[in-house]
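Handing you this structure, nothing more for now.
Think of it as A, B and C in the order they're written, each chain with its own count starting at 1.
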Amino acid sequence: MIFKILLAGDGGQGVQTIAELICRTAFEKNLEVTSIPNYGLEQRGGASLAFIQISDKKIGYPKFSHADLLVIFSNQGRERSVQYWGKNTKIIDIKDFKAEIENRKINLQNLNIFFLGVIAKILEKKKIFTVADLFLQAEEKFSKKINWVEIKNILN
Amino acid sequence: MSEFIPVKFCNGCGYPIILMLLNKILKEMDLSAKTVLGLDIGCSLLAWNYLPVNTFQTHHGRVTPTMLGFKRARPSSICIGCTGDGGAYAIGLQGLAHAVKRDEPITVIVVNNTVYGMTGGQVTPTSLHGQKTETSPDGNNDYPILGPEFFKPLANKNAFLARSAVNDPKQMIEYLKKAIETQQAGHFSMIEFLSFCPTHWKTNGIDTINYLNNLKEVFKPGII
Amino acid sequence: MKNKKFITGSDMAVKAAIDAGAQMMYGYPITPATEIFTGWIKNKQNFLQTESEISAGFAVCGGVLAGQKAFSATSGPGHILMQDGFVMAEGMRLPFVLFAAQRGGPSSGTVIYSQQEVILACYGGNGEGMRLVYSPSGPEELYTLTRRAFNEAWQYRFPAVILTDGYTLKEKSVVDFSLIKEMKNVPAYPLISEDKVIHWPNIFTAEEELYHELVLAKADFDKISPLVTTSESIQTGDAEVLLIAHGIVAVAAKEALVQLRSEGQKIGLFRPVTLRPFDKVALDKVVGGKKVKKVIVVESSFGQLARLVKDALDPTLGKPFEYIQYPALGIEVDAMILQIKKLIV
């Protein structure tokens, strides 16, 4: 089993934060995992990409040509990730979730958390780890934050 | 003709203020075509496609010797080198000192935010005593260099060395004009601009301005 | 108790330096090597940020002369400046250990990745390249080769470069520390000490004096080469097509090999682990293999590894060479397989 996830958004959207959470969860479940960010010149702004691979066997090269799951957080993220679309890539794009985000009144600052929930459900379906597993890691990381209640709600 | 180029500087950065005022003055003095803008490698490099002026990047700490080379080859040009406090006073100190000493007729703009911005906010020669950064986790041990003051003893009496701040646009304009006129008269000029860096100062809004105003206590604005 | 960590390459480098008994780091911020410096500092180790890589390099030399396990880390334009101090170490046989994280070049290039500092690491400076250069494939090897670099530099008195890259340092992966063998440390010792007066030049009056020094140094370098030189040969016995790659590109090459073998292609991989000294004996053996019809050198450079290979290779072997060259660009497994297939039609 090997599953390749590419998260693509703008710097400041929390892409690397949720990449870390996904990886932590996989690691705590004793899975093999690699992650590597893109990085460029600007300290702020610019695209933020995270290449994640989860497997039951040792992973070699940290980057890949085509993602199994591509999560697009922004227009810039979409532009910068086009080359990673493969025939079988499942794409989660923010533009398809506009309605749900509005209905559930999700603060754009917490967009990354919203997508974390979406990703968790997909990974659970693929039997990689469960939403509860991810929730545990998220709780550990965020519970000290003031808006933890809000975050919990979004994840649910 | 105007083309919209997305700004790559962080929100709240002082570079756009400096660059836009520089551009304004060059236009007013009708010097845009003659001007060549050289950039250090640091946050200054992001200005490479910013102004309607010939611009090129050099190497980290090496913009001064590059610009003096251009000027000596084409004395009719207006040569401006733009660098940060790290590029000017750490790795570029030797180059800058000798340009002052030889009274090279170029203009060096030093954008002082007291950190190495592009690499993540490490300590520089202008970091304050006690300033905490990734490479001064227990607080900076030594004291900041006051650049223009440091070079003054080496300078020709007709050279222009000054310091201003990005929230003093009137003064910035006055000094930029004087610096260019000094170059036209055949002498060295440098201006250190105290500049905003909310990203690495970890400040927001009014705190950024207060931080800058506090820097003026140490780095005194004025003509040196 | 799990002895696994989800850890960056930079942190592996830092851990290796600490475990090697390194005592002092001189550094200067430069992407993508900065995290080795800040990681070292976070571990409360002795350090100094100098005003440039030139000073950092000479400060390392100073520390080493006094018997301190000093080291530095740099990249790209900083690597060029570091060669100034490093070449003094080459001339004076000082155990200078340097992490060189390759980024795009020439000039400021990119802050990201390449394999374009191979020649700089191996032959930078105004000498004959008598330095030890290690090219780790993956974070575990980054750790073990760093340990070796400190040991072999101090054991054999040649400066050493751990030649890595931005991807390896930024990548986070699961490392099982229980699989990493214990290593003993070679101790440092003062090269200048109070109980003895020595007079030590690095410039000589006459040509013959320098020539003599160089002959002695070369004799030493040749003597220790068999003890240091390392390479890996994978499925080369029956290979018809031989890949040659190093560092992180070899990580991808190993995966490409598995895939191509499963499709029935008789591919093998030769991976130099030390670039200086280069494992010429193993290279000749593998390239000279009866079945080898073609050699493909794969690298993120326009031929810097290929140059080392051709230089080391027995010229009478006469096998056809092809090159997959992507300077400053990462080479993913799928992309590599595609290019290999084009060349073996």
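Just so it is clear, a contact is a pair of C-beta atoms (placed from the backbone, for glycine too) under 8 Å apart; a residue touches a chain by one contact, two chains touch by 3 or more.
In this text the structure is predicted, and so the values were computed from the model without any measurement.
Asks: Based on which chains touch which, is the overall arrangement a line, ring, star, complete graph, or other?
Replies: Graph shape, chains as nodes and touching pairs as edges: complete.
Asks: Going by the touch criterion at the top, tell me which pair is linked by more C-beta contacts: A-B or A-C.
Replies: Greater number of contacting C-beta pairs: A-C.
Asks: Between subunit A and subunit C, what distance separates the C-alpha centroids? Give it in angstrom.
Replies: 34
Asks: Subunit A to subunit B: how many Å between their CA centres?
Replies: Centres of subunit A and subunit B (C-alpha means) sit 40 Å apart.
Asks: Can you list every residue of subunit B that touches 2 or more other chains, as numbers and ranges?
Replies: 45, 118, 120
Asks: Show the residues in subunit A shared as contacts by 2 or more other chains, in ascending order.
Replies: Where subunit A meets two or more other chains at a single residue, that happens at 41.
Asks: Residues touching two or more other chains, restricted to subunit C: which are they?
Replies: In subunit C, the residues touching two or more other chains are 31.
Asks: Can you tell me which positions in subunit A touch subunit B when the two form their complex?
Replies: The touching residues are 41-46.
Asks: Which residues of subunit B touch subunit A in their complex?
Replies: Touching subunit A from subunit B are residues 8-11, 43, 45-46, 117-118, 120, 199-200.
Asks: Per the contact definition, I'd like the list of subunit C residues that touch subunit B in the complex.
Replies: Interface residues on the subunit C side: 27-31, 34, 37-38, 41-42, 47, 49, 51-53, 77, 107-108.
Asks: Which of the residues in subunit C come into contact with subunit A in the complex?
Replies: The contact residues of subunit C facing subunit A are 2, 4, 6, 31-32, 111-112, 138, 166-167, 170-174, 248, 251-252, 254-255, 330, 332-335.
Asks: Could you list, by residue number, the parts of subunit B that touch subunit C in their complex?
Replies: That would be residues 41, 45, 57, 59-61, 86, 90-91, 93, 116, 118-120, 122-123, 125, 134-137 of subunit B.
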